[in-house]
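See below for the structure under consideration.
Per-chain residue numbering starts at 1, and chain names A, B, C and D are given in the order in which the chains are listed.
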Amino acid sequence: MFLTTARVRKKETVARNCFTLSLKEEKIASHCTPGQFVHVRLSMGYDPFLRRPFSVAAADPAEGVFRLLIQTVGEGTRLLQGIQEDQPLDCLGPLGSGFVPGEAPYFLVAGGIGAAPLLFLAQTLSKQNQPVRFYYGTASEAERVPLHAWLPATVEQIDATEDGSKGFSGRVTAALDRDILQGIRPGQIMACGPEAMLRELARLNATWKIPMQFSLEERMACATGACQGCAVEIAEEAGMINYLRVCREGPVFEAHKVVEFHAKASS
Amino acid sequence: MFLTTARVRKKETVARNCFTLSLKEEKIASHCTPGQFVHVRLSMGYDPFLRRPFSVAAADPAEGVFRLLIQTVGEGTRLLQGIQEDQPLDCLGPLGSGFVPGEAPYFLVAGGIGAAPLLFLAQTLSKQNQPVRFYYGTASEAERVPLHAWLPATVEQIDATEDGSKGFSGRVTAALDRDILQGIRPGQIMACGPEAMLRELARLNATWKIPMQFSLEERMACATGACQGCAVEIAEEAGMINYLRVCREGPVFEAHKVVEFHAKASS
Amino acid sequence: MQKLQVELGSLVLKNPFMAASGTFGFGEEYANIMDLQALGALVVKGLTLKPQKGNKPPRVVETPAGMLNAIGLQNPGLDSFLARELPRLNQQEIPVIVNINGAEESDFVTLARELQDVPGILALELNVSCPNVKEGGMAFGTSPAVLSSLVEKVKRVCGIPLIVKLSPNVTDIGEMARAAERSGADILSLINTIKGMVIDTHTARPLLGNLTGGLSGPAIRPVAVRMVYEVFQATGLPLIGMGGVMSLQDALEFFMAGASAVAVGAGNFVAPDTIPRLIADLQSYLERKGMNSPAVLTGLAHGSR
Amino acid sequence: MQKLQVELGSLVLKNPFMAASGTFGFGEEYANIMDLQALGALVVKGLTLKPQKGNKPPRVVETPAGMLNAIGLQNPGLDSFLARELPRLNQQEIPVIVNINGAEESDFVTLARELQDVPGILALELNVSCPNVKEGGMAFGTSPAVLSSLVEKVKRVCGIPLIVKLSPNVTDIGEMARAAERSGADILSLINTIKGMVIDTHTARPLLGNLTGGLSGPAIRPVAVRMVYEVFQATGLPLIGMGGVMSLQDALEFFMAGASAVAVGAGNFVAPDTIPRLIADLQSYLERKGMNSPAVLTGLAHGSR
């Protein structure tokens, strides 16, 4: 974990309300692993007050550059969208515990901006010659980030849009379910996206029974583990249910341990 | 008084920590009189929270443009300094009661950024063919705004610097005192500048006995007269001492009525 | 616009947005910028029997997302108000609520008696929570017994709706609310400012002439919302919520916490068009949500969790 | 750096800047970023006898120039603290103050008895002001009699300096301070968070799992400075001031109001290097001003006006 100043190499709009930042910062670029995030200070004043967490979406240790993929949703992300090339950005990171290796083939399931950490994961897995399928769901085509610029050629991309404007017509979880029912079965699922998507995956997995890791989001203050602010209920080995920290023990958790999804999925 | 959006026509650095903004806003440009000010919102967020008052330093009703002369002293002025040409600026104004005509000749006494309202006044008086001498004091030459760009040719400019780097060596009040002792006597003095300068003027005027108007500063919230926040003690005609509003009855007051200077000058 | 009307007991407002006392003067100042008739109500600057000179300057200072003020109830006094301010307000058909203040119970009672049958005054707001005056002021608003006694006496002479404005500078605001309710308050308004201080580190002295001042603005909004929520549970009275309202989003928090109307204070200084904007934004919000009255929002946040 | 040393009674700190309880965990988290030995003191996360699960999420939410938290004292409990956290802190020679919490008087007394003779603990901080737990918590900090009784009992078993942390959620903080002083407190720290609420207007429900939370950050600084100023006049005890400190400027306000040391809470989240920066900035400030100790600053604002 470093408290450091990155410099904006490039800013690019890549979809409706969605942009990427390429950030020059060697320590973060060379130490981050897929699923980790950075905590970014958006103002030297008090508005907004808290930092904002963003997943590392790509990292090039040789170049000393890492990338963020950001959806503009509120004040903080709007401010960030206004940043100019070559400006400094106060970053704390890399933070959190990322994805852990499972059994191939890997199916990555991204809902909307949830693609960010999975892109980095796909790049990393591909470098290790692991077979990867990347399921990418959005509401419509306008929200879609052109992933081919990020994904290695060996990664198979499956598109889904809820309005059918691109790829599978419907939820990305339905696309995955269709494939699994047809026998295209992963050894490991890694997912990131809206709560509803994760909940549906948890529900479907009652049938599939496939090892699954989720990258979760929770409101954060410190993002270092100091404040206990980003708690999520996790059922640990001994059957004990405890609040763990999304910023420290997470953001990636084994899906079956996340009490919230488990309880509702099985009820 | 209008709540309106001006547009930045031009921004120019004119001295150390000092810049001017030319603002396109026809209603303010055509309604303001010398001594009046505008109340500017510096952030659409809460940091800084309150607006900031700045005197109108020039106005061209034909062009629909007015100008501010601003010294960078804190957060708010620093933010304002970062504004780009063509950006909008939320302005409330014109506000307050400005200078009132007196007897010629007019001697205008400016300490540092106090020059702002007096520049507008000098322009206006000159248009009315009134004789004007403009005393301009700063700490050193680096702080001096090149006033010749603002002042009509008929206005005589007397320079003073405390370190002697330009013009009279010493306080601007000493320069004026020298002239008055030599018989160069105004019918009316109008002054704006640091408290110490105004206090010294009040003290010297115990000897001179010349009608004198001061433009005062006080911390403001509303700047419209609604909150009573910008009170200054004024001795009114009946000998009654009351708190008047710098933003409404002021910022310009007859010097002898300003209790603060009067009391201390005579003590 | 009909559908924005709200009723706080017998106090009927054409919309739920008011200008908070002390932040809109006697209305004159903002007349150039907005149609004052459009206000749900204008609560005028705190009035006392005799004219008040107010506190020594500086009286205001900016703070993070807020400000301190220590005006000290500078006002022209009852007679001047009745002779000069009120006729103008009435002529312009501005809905007026008068915020009354005193150093002793009898001051409040006299003011209430004199004002309550003057035409053109919708209601009285009893300010027992001003942190910026030495006598009276907050003292009345920090002890349930003292508050009870005062409200009871004022209520006895007051034929129009009586609003009691609660101080946030207390351990248990619910207890104060119940004391006011028991003693006859018709409506409660909250919160007044929170007592604070800024020190000028150059002079090493408190910056305000009065040493302390009252904190208002967005900084205090979470405290104000919490108190409205608590008072909504503690009493059955209609509530006027305030504290840092700048946007409809902010106002919705107060409605949902339990307010039937919302007042804007410091927000007026920053954005003088706040109240007209709130009115327009609420109108379209209700339409979008298919709600037929702001009253539907009141207390929504207390639904079973 | 010698000249930054301060003495709060018998508690000696190498500099006056502390990490506020609950905002620095048990120190581990920020070890990568700063030298924890440089801290004046690290006040660890509120400790209870038994492990505590903490409150339902969400537990934090941003507010204007501040934040609400409702952690609910999640902590590993006394045994785990002594077995795991403290040895590590001691090994790294980090000056530790333990913030203790309980639902009943006996919990506090037991904790104090167990902790006070453990080597490597500089002082205990009695947290009687947590707004985020149902039992105990703030209740101890809002009644002078209850506070007195508690402080007295704890003091009887506590051989190291006893800090009492005051709640701002009271009518008269001076009275609470005097109650603590009378009962044997050695040092007072203030303020804890102010109780607040944010309502999620989309769901029309309080946003925090615990409904309410504690407000901290620059938003509350004027309230905190005022309270330190009042408590400085009310008692003769050394004070630890906190509430929204981000810069030396802010810290100077607390010193001048009467604090002998200053703690940083939410500021650590925004700028994790705040404390090292404060130490460096104070050092050069004192040099520039020709002052030979931070103690010179304490209470300066009370000079005759």
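In the analysis below, a residue touches a chain if its C-beta (ideal position, glycine included) is under 8 Å from a C-beta of that chain, and two chains touch if they have at least 3 such contacts.
Here the structure is a predicted model, which is why all the values come from computation and not from measurement.
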Worksheet entry | Steps in the shortest chain-to-chain touch route ending at chain D and beginning at chain C | 1
Fill in: Interchain centroid distance [CA atoms averaged], chain A/chain D, Å
36
Item to complete: Mind checking the centre-to-centre distance between chain A and chain B? Centres are C-alpha means, answer in whole Å.
Response: 56
Worksheet item: Where the centres are mean C-alpha positions, what is the separation of chain B from chain D, in Å?
Response: 47
Fill in: In chain D, residues with contacts to at least two other chains
63-66, 217-219
Item to complete: Return the residues of chain A touching two or more other chains; collapse runs of consecutive numbers into ranges.
Response: 46-48
Worksheet item: If each protein chain is taken as a node and each touching pair as an edge, is the resulting graph a line, ring, star, complete or other?
Response: complete
Response to the item:
The chain A residues in contact with chain B across the complex are 43, 45-48, 75
Worksheet, complete the sentence: The chain A residues in contact with chain D across the complex are 1-3, 41, 46-51, 92, 218-233, 242-243, 248
Worksheet, complete the sentence: chain B partner, complex, touching residues on chain D are 64-65
Discussion item. Considering only the defined contacts, which chain D positions touch chain A in the complex?
Written reply: 22-25, 28-30, 32-33, 45, 53-55, 57-67, 69, 71, 74, 217-219, 266, 268-273
Worksheet entry | chain B residues touching chain D - in the complex, by the definition given at the top | 46-47
